[in-house]
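After this come two complexes, each holding chain A, first together with chain B and then together with chain C.
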Partner chain A sequence: MKGKCYIQAMAAISPQPTFEGDIFSAQLVHTDSNLLACIEPDYKPFIPGNSLRRMTRVLKMGLTAALKCSQESGITIPGPIITGTGKGSLQDTEKFIKEIAEYKETALNPTPFIQSTYNSVNGLIALQQKCTAYNNTFVHRGFSFENALLDSMMLLQEGATHTLTGAFEEITKEHFYIKSRIGFWKEAPTDNRELYRHLSPGSIAGEGATFFTLTGTPTPQSYAAISDFRMLYKPRGGKLAEALKSFTTSPDLIITGRNGDSNHEHYYQELDQCFPGIPQLPFKHLCGEYDTAGAFGLWLAAQIIKAQQIPATWFPGTEHLSAPVRTILFYNHFYGEQHVMLKLERV
Partner chain B sequence: MAERVFITGIGMITAIGDNVAGNLHHLRLQQSGLGYSSYIDTIYKNVLPVAEVKHASEALFALAGIPVKEGYTRTTLLGLAAMREALQDAGITDVQSAPTGFINASTVGGMCDTEKLYFDIINPEKTGSFLQYIDTLDCADCTQRIADTVGFSEHIATISTACSSSANALMFGARMIKQGMLPRVVCGGTEALTRFTLNGFNSLKNVDKQFCRPFDQQRTGLNLGEGAAYLVLESESFARANNSRILAELSGYCNTNEAFHPTSPSPDGDGAYEAMKMALAMSGHSLEEVSYINVHGTATLNNDVSEGKALERLFGDKVPLFSSTKPFTGHTLAAAGAIEAIYSILAIQHGIIFPNLNFSERMEELNISPVTTLMEGYPVNHVISNSFGFGGNNASLVISKYEG
Partner chain C sequence: MEELKKKLKEQIIEALNLQDTKPEDIDDNAPLFGEGLGLDSIDSLELMVLLERQYHIKVEDPREGRKILQSVQSMAEFIQAKQPA
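This part shows the complex of A and B:
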């Protein structure tokens, strides 16, 4: 996708303390449970109490991250809302499946059904912001957030002044177990601080809600420019290396979705070979692996390029940048199927 | 100047036919696909009518053109059957012959199969080949299996905006073409009936125990349906260079959110009004030029009031001929937008207006009523096709006769 867009504001709810405070002095939250759960903020400043009681976890996280992002943007006129989610509200889906069985299909409460609908978060954001503009939800694993981003960039090209673009995902205990049955997670308890040192099948699970306000023109507040962006589906043979090389030549920094999964590590090794000597920062030890982890990775990249600083406690060993970062190459893939490369430029 | 977007191939499967010709045949016969389910495991099997595709999943493998194997859900198989026809209709033998995107739509992915296995999947004591269905829980599974079977690799996406999903898929594909990103995109959606969805709508008290009666005073709800439909979209320059046979033009579209209520439309139809108005404005055609509206017309109490009011507000006392084809196909959710887009093309191609079955009494809130008899030999040049959904997601498409 050619044509630049600018990140005007961002908000992230993640397993790290990203929602409030200074991330450059934040501690690194760690666990060896192979499941990095979000630090949930106080939702009350964002969502009225009576709505809050009905809403399940990912709806609250998604809506709150979206509203915080809008507040931070300083833009008061709501615009298009575009999101991505691989799984939507798992908690509601699981609940409705079970209640159908438990109550033998009678006298069911419709709330979990309504909330399990993938576009329910988008609907809530629009409702709360009284926003009647364009509204879309993409549900395609590691291309969910990325298609939302593509849609947003197209809207900006078509004349929208700004978009609210984001992603949300939750992991439940039940879904963690389900995915463990097909090898998504490491078998041995793995501390997220040690993730990249334990190359073995599978990764560690994560979740998060990340939103961006994107604009077509830069402002003094802009974090970064997204100047190019490409998705690649199941690249075979040398296709990935070819695409990476034609995508960019010498970025100042590379942010990668490396996740300690030996089954798909070879893609990251291809990246290493394409860009030898360029410093890399992996982000999955912070957020875990999930369909829309790419949105968190982009959030981190934008933080770093704006501040020209690395959150030191999150990256022991590479606390400092050795040179100014003008461009970042972001590369991520989801279990070897959906590959994404993004170019970020300093504004 | 952005390129025009042409429709050069169509394929579908619904309760009234395994392909486009079968659908047209039963539309002409005014024969509904509604009945009682043979395949869903539900206590409502003989209580709530549905429009089910009349094949067991095993038989669908043949229509999908693949050998029987584990991991292929009914959602995927319906999608593949429609996809095969759409590609063939567009004369595409190899989707790799030109950069071709695939934009799919789904509301519950492979729930039709996973809901039968879910309690085994979460039970550590159970193991077996059913584990191959684990990844079919999400909406991307059907898209990727269809893509991998027919060979799409350029750009794939799945959209889920409830009942407007495949209308949004068509819009997204058309916009990619207009931005010059791809010369050809196949767009649509697939939906299989599930116990999950049937109970969902039933818990909302939105399902009619009789055959649904859109725009009728006595209507009490919708009937669910299943099916899949895909449309091949091509840029004007590609279609001309490729010498493609052009069926119609996707001349306008609009997506709006109503921001009114999580599951109900506003009583005055603000979202529907805005979507139709803006889509028509984009097409460059006037209100008078609209020959027919294939309405969303689910037959729920709220939808039909809201949509009817929107029609009256937009067109005043000159509301064009309109009908809901949901009494034929049921409400096929993610597939509905694409199925009805194809019906709109058939209306243009054959000069037919489809009747709104099961209508007998005008709604007290409205001064308009739908077409109730089949009209043949009626010139149809521009059709509006509406899809409105949960979460306030509204979409309208304008499909126009191709006139060079």
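This part shows the complex of A and C:
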């Protein structure tokens, strides 16, 4: 996808203290439970109490991140709202399914059913912001956020002045267990600070809600430009290296979705071979692995390119940038299937 | 009847997750919708489910539901009328 768009504002709720305060002096939150859960903010300043009581965790996180992003952008009523989610509200889905069994398909509560639909967060944003413009949610596993981004970029090219684009995901105990049965997570308790040193099958679970206000033209407040974007599905036989080389030649920094999973580490090794000597920062020790973790990675990349600074405690050993960062290559994949490359430029 | 109303208030608070509301805050005759507790149409569906799950009473006619769900008093009277003596 050619054609630039600009990140005007952004907000992230993640397992790290990203929602408020200065991330460049924030401490790294760590755990050895193989599950990085979000630090939830106080929702009351964002969501009326009467609405809040009905919402489950991911709805609150998604809506609040979207509202904070809108606030930061200065846009009171957003235009198009486009999001991506791999699983939507798992808590509501699980509750609804359990009640089907418990009450033998009778006397079913409507709320978990309504909220289990993937587009609930979008609907809530639109209702609260009184937005009647284009509204779409993409659900494509590891390409969910990326399709939302692609749609947003096309809307901007068609003349939309801005879009509210984001992703949200939650992990529940039940879902963590199911995915552990199919080898998604590491068997041994792994501290997220040591994630890349423990190359073994699986990664650590995560979750998050990240939103961006994207515009077609830059402003002095813009974080970064997204100048190129490519998705690859299950690349085989040198296709990835070929795509990476043709995508960009010499980025100043590479942000990767490396996650300590030995089953799919070879893709990141192909990346290393394509760009030897270029500094890399992995981000999955901060947010864990999930379908839309790429949105968090993009948020981090945009923070770094704007501030020309690395959150020091999050990256021990690479606390400082050795040279100005004008371009960043972002590369992530989801369990070897959905591969994403993004190019960020300094505005 | 008083015991039933007290129990009903507790069940409403739990089913609708009415944080910061105590049973004693709910007036027996105050309207549940609009003013009073300020409930909405989704809540009315949840209250129907509550009647079905807790008291095994199914409200078939939505017009009837409007009258039944007016207040805690009207709900309690309806439950009492439907329950075997």
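The working rule: the second predicted complex is superposed on the first by the 346 of 347 C-alpha atoms of A that agree within 3 Å, B and C clash if a C-alpha of one lies under 4 Å from a C-alpha of the other, contacts with A are read in each partner's own complex, and residues count from 1 in each chain.
Throughout what follows, contacts are C-beta pairs under 8 Å (C-beta built on N, C-alpha and C of every residue); 3 or more make two chains touch, one makes a residue touch a chain.
Everything numeric here is computed off the predicted structure, so don't read it as measured data.
Chemist: With both complexes overlaid on chain A, does A:S227 touch chain B (first), chain C (second), both or neither?
Modeler: neither
Chemist: Using the superposition on chain A described above, determine whether A:T31 touches chain B (first), chain C (second), both, or neither.
Modeler: Neither partner.
Chemist: With both complexes overlaid on chain A, does A:G49 touch chain B (first), chain C (second), both or neither?
Modeler: A:G49 contacts chain C only, not chain B.
Chemist: Have a look at where A:Q71 lands relative to chain B and chain C in the superposition and call it first, second, both or neither.
Modeler: So A:Q71 meets neither chain B nor chain C here.
Chemist: If you count the residues of chain A that each partner touches, which comes out higher, chain B or chain C?
Modeler: More residues of chain A are touched by B.
Chemist: Where does A:L124 make contact in the superposed view: on chain B (first), on chain C (second), on both, or on neither?
Modeler: The answer is first: A:L124 touches chain B but not chain C.
Chemist: I'd like to know which partner A:E337 touches here: chain B for first, chain C for second, both or neither.
Modeler: first
Chemist: Touching A:N109, do we find chain B (first), chain C (second), both, or neither?
Modeler: both
Chemist: With the touch criterion stated at the top, can you tell me which chain A residues are shared between the chain B interface and the chain C interface?
Modeler: Shared contact residues on chain A (touching chain B in one complex, chain C in the other): 106, 108-110, 114.
Chemist: Once bound in the complex, which stretches of chain A touch chain C?
Modeler: 49-50, 52-54, 103, 106-111, 114
Chemist: Sort out for me which residues of chain B touch chain A in the complex.
Modeler: Those in contact with chain A are residues 42-44, 106-107, 115, 118-119, 121-122, 124, 131, 134-135, 137-140, 143-144, 147-148, 152-162, 168, 172, 175-176, 179, 181, 195-196, 199-200, 202-204, 255-263, 270-271, 274, 389-393.
Chemist: Which residues of chain C touch chain A once you look at their complex with the stated criterion?
Modeler: Those residues of chain C that touch chain A are 16-20, 38, 42, 45-46, 49, 52-53.
Chemist: Residue numbers of chain A touching chain B in their complex, please.
Modeler: 1, 81, 86-88, 96-97, 100-101, 104-106, 108-110, 113-114, 116-120, 122-124, 126-127, 129-141, 143-144, 147, 151, 154, 157-158, 174, 177-179, 181-182, 231, 233-234, 337
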